[in-house]
Amino acid sequence: MELFLQSIINSFIQGGFFALWAVGLVLVFGVMGVVNFAHGELVMVGAYTIWVLHAQYGTPYLWSLCLAILLVMMIGLAMERFLFRPKQGDPLGGLINSIGVLFILQVVAHVVGGTGPAKQVAPPYAGTMIIGELLRIPYQRLFALAISAVALLLLWYFLTRTKLGWSLRAVAVDREAAALQGININRTSAIAIGVSGALAGLAGGLMAPMTNIYPTMGHNVLITAFIVTIVGGMGSLSGAVIAAVLYAFLHTFVTVYVSGTIATMCGLLIMVVVLIIRPTGIMGKRVSE
Amino acid sequence: MTKTPKEVFQARFGRRRFLGTALAGAGAAILGSFPRISIAGTKTVKLGMNIPMTGDYAPWGLPGLYGCQIIANNLNTDGGVKIGGDRYMIEMVAYDHGYDTEKAIQGFKKLALQDKVKMVMMLGGSTVGSVLPFAMRRKMLTSTLLPSDITPETPYLVAPCESHPLYNVTGVEWLARKNPNAKTAVIITTNDIEYGKQSAATYNAAFEVEGIKVVDVNFHGFDVVDFAPIVSSLLAKKPDIFCMATDVYTTPIVEQLFHQGYKGKIVSCTLDGYQDVIAKTSKEFVEGLTYQFPDFDDPALNKPGINFPDPGGFDMAFNKDHAGEWSAVAWEYPSILLNWVEAAKAAGSVEPVAVTDAMKADSSPPHTFGPGKWWGKELWGLSNAVVGDWPVVAINNGKARIQEFRSVYNWLQKYNNVLKKHMQALDLRTV
Amino acid sequence: MISPRIISIVVLLVGLVILPHFLKFHHQDFLIFLGINILVVVSYRLMTLTGEWSLIHIVMMGVGAYTSALLSKSLGVSFWISMPMAGISAGFVAALLCFPLFRMTQFYFLIGSFAVGEAIRLAWIYFVKPFGGSSGINNVPPPEFWGLDFMEPIIYFYLVLTIVTICLFILYRIENSRIGLTLHAVHWQAPLAESVGVDTWRYRSLAFIIASLFVGIAGALKVHYLGIVTPHQFGVGTMVFVLIWVILGGYNTFWGPILGAVVLSVLDESFRTFEALRPAIYGALLIAGIMFLPKGFESIAPKVRAWWRSSRASPSP
Amino acid sequence: MALLEANNVTMRFGGITALDDVSFSIQEGEIRGLIGPNGAGKSTMFKNIAGFYPPTQGDIVFAGNSICGKTPHAVARLGIVRTFQETTLFQELTVFENVLVGCHLQARTNVFSALFGADRAKQAKAKQKALEVIDFIGLSDRKEQLASALPLGSQRALATAVALASDPKLLLMDEPFAGMNTEETKHMMDLTTKVVESGITIVLVEHDMKAVMGLCGYLTVLNFGGLLAEGTPEEIRANEQVIEAYLGGTA
């Protein structure tokens, strides 16, 4: 029982992260049609920023977090301007570019942090909230959950209630039509990857105090993000969020009651099943003839 | 080891350092590619390292190279080593195989044939597997950190330093004696063969010998980002001892134990960077946490019989240039280098076969933590691993200190059948 | 009168036969793996002819490698039987996967194939019997033939050269046959192809199966030289390199991927002296390549030819 | 007996009903115009016949057996081939190669015969056939040009050729005259008549009334997914509803 409740809490916290990772990937793919293989590395950069600023130079955590978001956003924008924009309409080119960035960022991380054991960041919000002697939630994780929830809500508001967000969605639905309606594709692309970068930076910054920080940590992030986005539907943000939480639950409970490896296998197989039954994901739009 | 992260960082980013780091690779490369201008009357002997320096496995390669360069420089500045009437300068040549089997065999041949090194140090596992056919045929002395690579067909493959994971039995022994009323234990480890399952088998055996019941073993993949679920499921078994048969994930796991209010004892294989662990939990929580890898500034390492020159000085030198990169391999490869020097002196030659024979001829070969014994026939069909004493380390108010040295050899002599049983239970190769 | 193409190919083959004798040390091994990787990329290109890019190709190589390793090690089957069996089993697995995979297209196919492949890899890790878990299967015996010593790089290189050449020839024939034309049609105008009676699903599957079959053989070649097969060898990391070779080499001609594999492997090897910094240099190279040669290395060839012609047309005094 | 019969065909996408209980039949050797204002369901009907998707209700019978739920290539094998709106061609192939792809049904082969050239005779025949078709539509002089290099008129002709290459019994032409100038239209009309004379039944969807009236012996008019009227061009011209529908459609 205790384990069951604890697992539910764990699932939600994990779900929050999965959603942050996935949503960024969806945005960039939806709006720019590029699969950003370096997305995981962006998260990694976010985490390293916290390690440098907060753990090494003692900058307050919240400031470091903001700077991390800013930095990663900048990297994203740079990628859009110099790598993705020239490769518009050439997804494979964009893919290769993102792989190049992936390699480079990993080495930068290696130069900054060196090898040896993974970097660690002491949690700024130490301590654990204990509910009725059977639920224990570290304040750091509570904080992370809250922030990711807020971030996702803000994103939802931005996309559904603002003119810019509307133009983003328009481009995601039909690039040409949007362009005809006078929407500036380059600008929307920049916004999309900016937001995506910001979310990646945020995710990295929130993860930093709870996980191992090492140059190749982006790999797992990317794979999970893929699973989530596919199950959720590549075009659909709400789908990504729902799928993230579902996947987190599945993964947590299978891990707890069966095995971690089996859990990952299940994730992949479910992804395939979803693709077979509904090639555009649970929330994805039907592709018409 | 006892630097604050801040110092660590400035050490890394002092103007001199930063360039240094950025060019470390290129620098090492140059060291490798150009033969050192040797002083008149001295020769140069090259020793190879076929290790991962990039990718996920880099932490088990690069620090070792740094350590070896420190030791080699020390020996060279002392005028080199005297082998068979000649003075030899020692030169380390490294090849990065990124833990890829294809590149491992190419790297091995480059080192053996092009650089003409006299020994090749490797990490172990599949990369060693891919070079063995060539290495054994060529009679090239090869060292691994995983004795489980040894088979009856590998006379030139030695594991003279880390007898992973056999030494873990000492920690369990010590802990059990300190806590006679501990009755149950859980084990968490990775689902791979080389590290995870070997360790799990060893710990299973060690606990059985101490009459402690292992109530759950969790094999997890390398894709775990959050250990909360696994730790919760293990703690649900209410163990007296929580055993971490893993290296990379110790910090997040201990952190979870802390947050989930674990009260019992913790035994681990390693605890690299334990200041971080303390920072993430609390001094009180990690008090008495038992593991196997000492800081090298530990005074206990200055006792006679330790076969490692000036551990404290080595530790300082390493942290001066490579602060925060310390991991067990940082001293293990150097220790193998030292073993080679001793054997070469004894053999009066640097030729691989001669050195190997000299090594094997020594009935009590110099092991890092005191005289050792050749062992392994019982498990792998060939006694090419050196086992001797191994330190049991525990955290005493925020500082890792060696509690005592216990003999791995004696344990194995008594209980290797138990170990064998548990290895076979996990489908691990034994004779 | 023999066509210049035939002549150049013959010259190339002769060159390859004598080449290893001029190489020393580990470069012969480098050549062996390069040969195997060439088979990998060329078979992958056949798949991409239908316009579908998969991430499962390297896992199919693994299927072949595991098959051959298990057959020759546990059943003592000879290499000369286990190698074709490797191809067949890879093709068979591919055939089984056609149903789920080809319900998807484009990006969904890319990711779907990745998921299936990763699941297969995890299975190798999880089921220690018979796959040997993470440490895989080792001591896989080398081929035997007339008492030749196939652990000698040069001899094994000749084996690889022979088999790869045959496979490339077959793949070339297929691409330039009616089937190649139809695959092309399926790629560029699936609906039109359908309307004139082409079963596009069948042809996508066909391409996938053939590609898997040949990459399976490549897997057998690899495992019998290395003597060891592990799940780690067939991770998405390796697949990324195959993608890079094919895309940067250029996938519009038969030779593009080969060019990509050769050039990039050589560069990668020469970067090794930079140790930890190597991936960054490689990454920068990728970006430069795709930016300045969007059509791949192959697109240089015509330019060079044009330049050559012009320079001969107007010989400078 | 009729070559093609549509019996009470109904097609719904989600909410909207694209075809509502449409029935008609087409005799062998005739050239039938399928007309109607935009959104009348002409293209949907086409796609139903060509097997791109099966009707929600009703049945389509070709030469005596039902073709409902058959995939496009299966339908093609039975002898129903369609051309596409706009010019859907293999732009990066030559005229000859385009038509050669069209010959798929005669020329299709398996890997082994392709490898060992066992299908050489077959391929030769296909090439022969392709040349004939090219000659038939009068593109012989440009057969080595890239499809993309052709002017619109010739591209349409080529599209027809690709279809003809798979020698169909029934040819569905989707707006073959759209965007053509009078001269091109003229040429295309001649071609179409030639095709019919060669014994192929044609159904064409077209907006260009002049062309339709000129070509077709019999017309079927759809409106809002329903069958509005059928008859000879004269009858249709005189039909009040049709005029009304078109005015409504255009107004």
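To keep things simple, chains are lettered A, B, C and D as they appear, and every chain counts its residues starting from 1.
Please note the rule applied: a contact is a pair of C-beta atoms (placed from the backbone, for glycine too) under 8 Å apart; a residue touches a chain by one contact, two chains touch by 3 or more.
What you are looking at is a predicted structure, and each value in this text was computed from that prediction instead of being measured.
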Shared interface partners, meaning chains that touch chain A and chain B: C
Per Cα centroids, the chain farthest from chain A: D
Chain centre separation (chain C, chain D; CA means) in Å: 42
Mean-CA-position distance for chain C and chain A (Å): 33
Separation of mean Cα positions, chain D and chain B [Å, integer]: 74
Chain centre separation (chain B, chain C; CA means) in Å: 37
Shared-contact residues (touching 2 or more other chains) in chain B: 22, 53-55, 58, 62, 191, 221
Touching two or more other chains - residues of chain D: 52
Of all residues in chain C, the ones touching two or more other chains: 122, 125-126, 276-277, 279
Residues on chain C engaged by chain A in the complex (per definition of touch): 53, 100, 103-105, 107-108, 110-112, 114-116, 118-119, 122-123, 125-126, 236, 240, 243-244, 247-248, 276-277, 279-280, 282-287, 289-291, 294
Chain B residues touching chain A - in the complex, by the definition given at the top: 5-6, 8-9, 12, 21-22, 53-56, 58-59, 61-63, 191, 218-221, 223-226, 228-230, 232-233, 236, 247-249, 251-252, 255, 258-261, 272-273, 276-277, 279-280, 322-327, 330
Chain B contact footprint on chain A (complex, rising order): 2-3, 6-7, 10-11, 13-14, 17, 52, 55-58, 110-111, 113-120, 122-123, 128, 130, 136, 138, 141, 207, 209-212, 214-216, 220-221, 223-224, 251-253, 255-257, 259-261, 264
Touch list for chain D against partner chain C, complex: 50, 52, 71-73, 76-77, 81-84, 88-93, 97, 100-102, 104-105, 107-109, 111, 114-115, 119, 123, 126, 162-163, 165-166
Residues of chain B that touch chain C when the two form their complex: 22, 24-26, 28-29, 32-33, 53-55, 58, 62, 94-96, 99-102, 105-110, 113-114, 125-126, 129-130, 132-134, 137, 151, 153, 191-194, 197, 221, 426-427
